[in-house]
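Next come two complexes built around chain A: one with chain B, the other with chain C.
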Partner chain A sequence: MLKPVVLPKNAFKLFFQSLKGLGTVYAPVKVSEKSYSFKEVHSPEEIAFEALRTILPPKKFFYPQEETLIRYKNGDFEEVQPEKKFQVIFGVHPCDLASLGILDTIFSSEPADSHYLKRREQSLLVGLSCMPDKHCFCNAMNADTAGSAYDLFLTDTGEEYFIEIRSAKGVELIKSLAEKVSDANPENHEAYKEFWKKREAAFSHGLETENLRSLLDLEWENQIWDEMGKRCLSCGNCTPVCPTCYCFDLVDIAGLNAKEGERVRQWDSCQFVGFAQVNGDFNFRATPADRLKFWYRHKLHGFDDAYGFKTCVGCGRCTESCPAGIDDIVQVVKILQGKKENKHYEP
Partner chain B sequence: MNLKSPFLPQKSVIRSVVPMTHDNYLFEFRDSVGHFASCKPGQFVELWVPGVGEAPISVCSGSIDGNLQLLIRKVGRVTSALFDMQEGDWVGLRGPYGQGFPVEKYKGKDVCMVAGGLGVAPMRSLWQYILDHREDYGNLILIYGMRHSIDLLFRAEFKQLLRRHDIDVFIAAEEIVGPDLPPMSVQLGRVTDMVRLSAVDAGYEVAICGPPVMYKYVVQELEKKSVPDSRIWLSLERHMKCGIGKCGHCFIGGEFTCKEGPVFQLSELRMLPEVIECEGGAH
Partner chain C sequence: MLSSQGTVPRIAVESLTGCAGELLVILENLDKLLPYVRVVSFPFAQSQNDSGAVDITFLEGSVSNPHDLEKLKRIRAKSRWLVAVGNCAVWGCVQKSACSHCKVEDMLKAVYGQDSKIEVLPSTSLDEHVKVDVKLSGCPINATQFLSVTANLLQDHLPYITHKPVCLECKLKENPCVLIEDNLPCLGPVTAAGCGALCPSVGAACYGCWGPSQDAQMDAMAVILQEKGYAIDEVLNRLQSFGAPAKLFERMKFEVKNERV
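Coming up: the complex of A and B.
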């Protein structure tokens, strides 16, 4: 592995050109007063470096909202391959990198998901450091450092970027910039450490997570679920914005002549009423409260058994995007822990 | 990367269609490449009707020898489309998926099989397998309950089973409707009544498959008979949309029903929420 290097900010344009040389570059772009979205960018000026969380997480590049898996025609069918296209995702924060690491594990577990993995293979992830706001709790979920899913990770140390290199693709790219980057010196290392110390101190949530596993089991009948259920709209907003939610439906979309059509995968949500419904109209999660607590359990405990990790990375998107204003994981967990009083649940 | 999509099915031609009741047909599919030869009792496949969709269907015969039998009830879009198809038409099949009934663990033991309604289809794969290997197993009890006697499936096969001396067969219907062909001895009652009547005791391994509402009551009866949780095996009904532990629809507690199940040991399930309790249904 290459030693970390330093790129002066005034050379970022060249760095960006190298990224563009690899394929289509996507980065956070400001799309309204308060929101950001990963979009294709053609120049560094378009990038919103200040963006904290985008509306949708970067999973959309590897696991699109809708994709065709199989096409059938005239009594036969064939697999549809994902488009051959190299994607560079710039500005991915630690929580989102952690989430991609989680999705990598899930989609590569047997039988592996060829569509996701092919898209991941044709990609380069460039991470970028960030400063938490009041909804961030990635540090409580062990998702506050670069993790394993990146190729390059940029820490903003003021005048320059301190770049960690993790993959062969990352090494190649840095080599092509040899004239502009320099090996990180002790001073750069100091600035790097300084930044991460400052960042650690900036978290304000005060969430403790060591007992989540038993907490979610023991508090399964806590009245907070019913109180939240009464206000939950079952809109399902919390799931597409979640960087690790990946549940899907498989549907056939037939052509007008019914002789040809496609088998399509679409994002689904466990918050929709029919998600756990089976034949005979039996529903294992019939009420919004049932579905909400299922989702909480799944995020904070659910994959401990199946994969050995939790699937919440503390990005705060669900809290920010909940139209009912109830989906505040930090506050809910504190109430379950008895560290905060539940006065008819008001986060 | 040369990975193939796990969602690609195997093209399978319908070999025969045998109506069992007006809305339950037994379909036989040609398995020319032996794709399903390794099927175990209690496993399931994903059946695809192009242009309509996929549905998870339990394997319903004890051994697959060139042909795969699936008992299908016309309930949804996929099954309705299938009922419009005929011999020679093709569908897509993926699988087999899941862990079936632990027939190896049952070896040398007494086995009680409890089926309710359409649960008789997966249960058929188990009793056929066990009867094919009869000498490996002890006493056998087979309980089959349904709402109306006219819905009785595998009538001819049950006639044969009732004549055997090496398996105790109990058939119950909540209502006797339509022809009760002698010598079919259909009793008035529910599966739970039959469990009570049967000789099942703490020494039996009990396999259960039926509509979701049934489990709670059957388990209560078995508790009265002192059957321990570790000997009760439930085939859980969930909508396994992908069959490979990805889509999330069948996730309960910490496990994917399609991968770890659909057959679970009750002692494993006791710690998990939302396994047996459900709402709705036609009851």
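Coming up: the complex of A and C.
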């Protein structure tokens, strides 16, 4: 890691031009009164710097919602390779960077997902600091610092961006801006520390996660699951918006002449009744409560043994995207811990 | 698939009581089918029709009069695969919903006068009368799904049609949620996808025209819409507009709560 540098905000336009020189730039854009989405941007004016969470997380750039994996014709098949296209994702917050670190581990475990890895290779990730709102709890999930899955990370210290450089790609970019950036001086370091102190103090969730591992096992029969299950729509919104959910469905689309066709993968959700349905009309998770409980456990405990980390990064997207209001992970954990009375989910 | 005559597969496209929406989708895509099938009957689109046996019949519309029922039985008898296309054929659509609210005789009199000689039946879906091999809902059907179903049947495979909710397609398109952000009475969570989340994509609420998704949670949907201030009558009307079967509403026993975590 190189020494951090400082970029004055009035030189951001040049920084942006350098990013654009590398490939297509994507950044959060305002798409409605309350929602943001990572979209292609052509100038800094289009970027919503204030965006906290986007509807879909940045996983979509490496693991798209839908993609053709294989095309077959006359008994032969060819693997469809991801498009050769360099992409720059700007404005990725710490929780989302942490989620990409998690997905990197999962997708590179054998058998590795070559499509994901290829897209990761041909991309540059530029992180950006943020101030938490009431749904943020990344600091309780060890996901509040930039982690490793980034090339550059910008901390907004007021007049400047304090830039941490992580990769060779990041170094190249900063070198190209040599005249505009300067090495961070002690004053800049102080401003950086001040920002992160202020940010830490801004969290309001009050969540303690030390006993999550045993909690999810011990409270497997807690009545809250059935109570929440009754409110659950099984709409599946919690999973596409989750930055670490990666389950998919494979569909073969046959051509009419029976000689050609393609195999497509599309994001799926464990919240759909068909997800765990197997031959003989047997279903491992037949009710909304079964599926919801499974998802909570998967996010908060499921990966502890296999990987030694939790897959929830505390971004708050599920809480914001649940029409039934039952994906408030912070409140549910507090109820399971006995720290909060459960008077809201009773039927 | 070879037809019973050992030649090109024979298909028919027929209708009962419906709006011809599915017929139009099929007509628009007919050029893709023509190299592989012989269209022996399609009264909506051609004047020369053969009533003989066929390999596949695509049938739209609900059974709404004795003539429909007779025709359905005739079609079933001559078809190797019977494919119900569109909400009317699969679920019964708005006409079935109307028949659950009032007597069909009263509607007949109100519309055609006291002395009407028109014969009617309470509207029903096809599977209430005959065995239906494939159910492809839609309002109208999705052309890609239609072609995929046909491709499978031509290979003697029963097609796999998913009934995941509209919310999935909506989220994959990354639309802002109109149910959450705008408090619109969107039925995306309980409605079968396939339309590409057409209404929410333009900021409107889904009104459920494709019929229910698999395992639609009607009770939870009703609770959530009531919490948003919609009256239960209004909510039930909306949920039942497109022929969703009564058994999906059996669990509805919730008290309304406004308090949320």
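The rule we apply is simple: the second predicted complex is superposed on the first by the 344 of 347 C-alpha atoms of A that agree within 3 Å, B and C clash if a C-alpha of one lies under 4 Å from a C-alpha of the other, contacts with A are read in each partner's own complex, and residues count from 1 in each chain.
To be clear about the criterion, a contact is a pair of C-beta atoms (placed from the backbone, for glycine too) under 8 Å apart; a residue touches a chain by one contact, two chains touch by 3 or more.
Nothing here was measured: the structure is a model prediction, and the numbers come from that model.
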Touched partner set for A:121, first chain B, second chain C, both or neither: first
Which of chain B and chain C A:66 touches, first, second, both or neither: second
Touched partner set for A:281, first chain B, second chain C, both or neither: first
Contacts of A:37 with chain B and chain C, given as first, second, both or neither: second
Chain B versus chain C as contact partner of A:297, first or second or both or neither: first
Which superposed partner A:28 touches (first chain B, second chain C, both, neither): neither
Which superposed partner A:324 touches (first chain B, second chain C, both, neither): second
First, second, both or neither for A:258, with chain B first and chain C second: both
On chain A, positions contacted by chain B and by chain C: 249, 251, 254, 258, 261, 268
Interfacial residue positions of chain A with respect to chain B in the complex: 69-70, 72, 75, 77, 79, 106-107, 109, 111-115, 117-118, 121, 217, 220, 246-252, 254, 258, 261, 263, 265, 268, 270, 275-287, 290, 294, 297-298, 301-306
Residues of chain B touching chain A in the complex: 1, 3-9, 11, 48, 50-54, 75-76, 90, 92, 211-213, 237-239, 241-242, 244-249, 251-256, 271, 273-274, 277-282
Residues of chain A defined as touching chain C within the complex: 31-35, 37, 55-56, 60, 65-66, 230-237, 240-241, 249, 251, 253-258, 261, 266-269, 272-274, 288, 320-321, 323-325, 328, 331-332, 343-345, 347
In the complex, chain C residues that touch chain A: 32-33, 35-36, 144, 147-148, 150-152, 154-155, 160, 162-165, 167-168, 171-172, 174-177, 179-181, 188-190, 214-215, 217, 219-221, 223-224, 254-255, 257, 259-261
